[in-house]
Each structure stands twice: as structure tokens, then as C-alpha cells.
């Protein structure tokens, strides 16, 4: 049983540019994170884009939908910026059936030492193996259904709508 | 829904004694790890012992069984040294019913920077929320039934028996 | 023999704001860094400001000059953003006599795990103990006189003028 | 002006063996540490041995003396376990003249995340550039003459004899 991981960027993969002090995207850190976790699962990684989720529009979401539908695996983890993660989850719920898709992300870049990313990645890979088909968000130990989740902009945390 | 975490020590919680260069146990790092993962779950922590799992005997396992049976929560994660994790799982399978218990651990101490512990903890907390009653081991992204797992002493990895 | 450390901010002390993804200043990390280095020197810390060195103007430099002149200690380390470190060094050279002053900084924030800050701090504290009175910049293992140094904006490294 | 670094092992370079939980030596971490510190000095690295300084005997110290005398550079940093660092310094003081030699080490292995090694390395490289010929120990920000230093076994810290 193989698991597909699609990478879209987000805080997970941000890096610090020491020449001008800005944050930017270079390569994904997912292979490094899986190695650190000594992950023994059969995973297939693919980078679809490397962007901040605030820059994600209709075209990017269509690409994610297309790749999820095309994927042979029915267990898919998507790394994604937290700001619009629940929007992408909604689009996926409309257009992808018969797959278990878990979106996850991080509040702190993996490279910054104090990241929650490794914890979230561990839980996302566990949820995707055990949950029935559907679209979910895994953040901070919790699992949310796509239609019952929002990011609270004040606290930075994901919470149920009702 | 509350999750119980029982702490027994193991590599997870080992520290480096800078006066004599030995490894030893002091306090558990679980609270720090849950904070790093920004864990939002309702968890109840309890330290049962702080030992190397090679030192775990009949009495220690009886104590773990007793605490699992006494626990109000039916979702329990146990942090445990990897060397005898599958033995403890067997004892639990005989003596604890109607609970989902997930044992997890680490190959590298959490304090040593490059630990797999945060990844394993994230996955254990996800598995315990989604799996039916039973005794399991969660290591390196994988989930094992108590009666189909062993630690390969050569590779240090957990694998299925058949 | 006591050493004075003046803190002015710079990359050294930048942090990641997980709510909006920006970089900002909060508290200085110098006490934490000295503790990590198990620094046994008699040092007196004082935060003069917490700013990016691109925002440093005439008033801020006058304050630094004033504090250096007022300081009882004749050995002073100043943590400073790298972009205008050599400008501040020039102003100090004109206006502060009979003291050994070493400016230092970092290319990567201390909190981001992969910082050069601890290495630079260790060398600055060594140079300040051994060099004659004068104004210096200590970066990346090297020591520069105030009148023979510039930051190369392409490489991000400090180099001699001639 | 080139600086010679001789590596002898010590806590600096210890690693955790995840198969049996012991500490051991593999490769030195000095290149990695110099890179992290973005060290721009012209340094020549050479590993003489990789041992715990408690295992260091007459033969090993003769080898260090021999290499120091043979070295073209008159500025030498030696990484060394802390337990017998002052003994090696004494032997060097008898047998090596006309060189500045700074011994340094760490209380915590570099790989364990919370090491004082990077701070000590930064200060040792600064001291070696600025001190007159002689044999010194650089630990925790301080510099000690070879004939006025001991490691306090209770506190783990280096202190002056008088």
C-alpha cells in the first residue's frame, strides 16, 4: 500500500534568505523530514508547486484536483499553507471522490528548528492510513472534516465551525 | 474526548549527563514535545516510571496493565523503550480489553536534536483516535498489531512477523 | 575584569511571527546564547534598542556612542545588524577613545537553528579580551579594523577594503 | 595567515548509536561546525585521532607534540576531550616552542543540539589569532594559561588554580 504526498509549499517549506532577510521557497524539506522521522512507509513524493497559500488561485487548485484524480494511490497527503487550506479542501471535496485526502501544514518553517511540521506530518500520515474516503485537515494532533473547519486568524489555530 | 498518555521512559526521554558523559533519565520531555507540535488535543499525561525498557520486568508491566485498566479514557498512548516494546504489547493484549492502546518510542533521544520522536508521537496520537479497540505499536509512520511485530536488532527497525 | 555587552537588535535577535509570517523583534536571545555557550565570563548585558540596522540613524548611533563612553568597562561587545555595522564602527572610532569595542552579528537569526550567531559571539568575546583599544568588527572567525572593512552585498560576507 | 586545527575527538565529536544506545566516534563534525559559523578563515583541518580523552596516554600525546612541532603554521587549535585537556597542555608546554596553541572542547556533543561547542570553537579561533606564543585552554569564553587551569570535576567547569 503506497501513499502519495503532494507538495504545494506553505510555511512548511519556507527558508530564510540571508542576503536580504526575506523568506522564500527553494527546495522542499519533505525528504529530509521523512528521513528524520525514519519513515518506513512506501511514499511517493511529488512537488506540484512551491507557493504561499495566499497566492493560491483557481488554476492552482485545479491542478491539485487534477493530480489527485489522476493519482493511482487512494491515500493522499497534501502539504499546504495554512491560510487557505480549508478552501482547497472544499474544492477537493467537490471534485475528488473515492480517495482519502489529508491536508496538513505548519505554523513555523521546518528549517527554523522549532517547527510543528514533523509532528503534523507524522499525524497526517497516520490519519491517511486509517480514515475512510473523504477530505480532511490534520493540524496539531486533530483531524477535521473539510466542511467543519476554519483557521482562527487571531490564534493561528484550526477549529471546528460547530 | 480525552486521550491518556502514560510515560515509561525509553530513548524518548534520555538525556546526556555532561559531568560523566553517561545517558540518564531526568524529567520527561513529553510536555515540551506536545507544545512544539502545538498539540490541541485534550491529553492527560502521567509518568508511570522512567526506565530503559531493558530494565522492564514483570512488576513494571503489571503496573502498566493496572493503570491502563484503571484509566477512564479508552484511548491510551504509551511511550516506551523500543527494545521490549513488543513484549509489553503482548502482556497488554492479554489483560486489557475494550481500549485502544498505541505504544510508541524513538530511536534517538528527543534532546539530541535529530530525534524521530516528534514524528512518532504525532502518528501515535493520530492512530489512537482512529483505530478500533486493540493493542498496537506505532513506529516510523507504520502501525503494527501487537501479535505481528518485532524489532529487528540489526536494522533497529520494527517489522511485521509474517 | 568585566565585559559590557550592548544589544541593538539585528538578525541575531529576529523571530518568526507565526500569525502573519513576518519577522519581528521581541526579546533578545543573548542570555540564552551565553547560557548555551556555558559562558563563564563576567558580562553585563544591556539592550539599547531592538532594530534592524537599516533603520539605524544618527540618533541611534549617538545613543550607542553615549553608552560606550559612559560605560565603566573598557571591553565592550555590541550586537548589531550586519547591513550598517561598518557605519556604526566609523562613528564609534571618531567619538570613543580608550576602549576595545567589538561589533558582531549574524547572517541567520539565532532562533532559526542554523545560525552563525553562537560562533560569532564566542569569537567576539575572545577578541574583546585580547585586542588593544580600538574599534573592530568580528564576523565569521575574522577580525577587521573599523577602517578596513565592508559588507559585500553580493556574497553577504565581510571583507577587507585593501 | 593560515590556522591549523588538529582534531583528537572528545565530547565535541561523540555521536549516539541508535542500535545499542551507546556513545561512539564516527567522523568529526568540525567541517560542519565551521560551515555553520560561516568561518572565512584559512584553516587546515587534520584528524590525529578520535578518542575519549580518558583514553589518551603517553603515545597519543607524543603524536600530538610531534604534529604540532612539524606543523608549518604557528597558530594551532586542538579539539580535545575536557577530562585530560590540561594534562595534554602541560606536555605541549614542555615540548613545543614558538607556537600559539589553543586547546578547546565541549561539555555536550555537537550533534546533541544544545552543545557549547560552536561557541568554544569561535572563541578558540579568535584567541589563537591574537595571543602570543604559548599553550592555552579556551573554554566557556575564558582563556587559561596551561600552568594555571584545572577542570573542576564537581561543576564540570574549568577554573584557575590560583
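So that you can tell them apart, the chains are marked A, B, C and D in the order they are listed, and the count of residues begins at 1 in each.
As a working rule, contacts are C-beta pairs under 8 Å (C-beta built on N, C-alpha and C of every residue); 3 or more make two chains touch, one makes a residue touch a chain.
No experiment lies behind these values; they were computed from the predicted model shown.
Student: According to the touch definition, list the chains common to the neighbour sets of chain B and chain D.
Tutor: none
Student: Can you name the chain that lies farthest from chain A, using the mean of each chain's Cα atoms as its centre?
Tutor: D
Student: For chain A versus chain D, what separation do you get between their C-alpha means, in angstrom?
Tutor: 45
Student: Centre to centre, by mean C-alpha position, how many angstrom separate chain A and chain C?
Tutor: 39
Student: Between chain C and chain D, what is the gap in Å from one C-alpha centre to the other?
Tutor: Here chain C and chain D have centroids separated by 26 Å.
Student: By residue number and range, which residues of chain D touch two or more other chains?
Tutor: 107, 114
Student: Which of the chains are touching one another, listed as pairs?
Tutor: Final set of chain pairs in contact is A-B, A-C, B-D, C-D.
Student: Can you name the residues of chain B that touch chain A in the complex?
Tutor: For chain B paired with chain A, touching residues are 33-34, 36-41, 107, 114-116, 118-127, 129-131, 138-143, 157-158.
Student: State the interface residues of chain A toward chain C in the complex, per the touch definition above.
Tutor: 11, 14, 16, 18-19, 21, 23, 52, 107-109, 111-114, 153, 156
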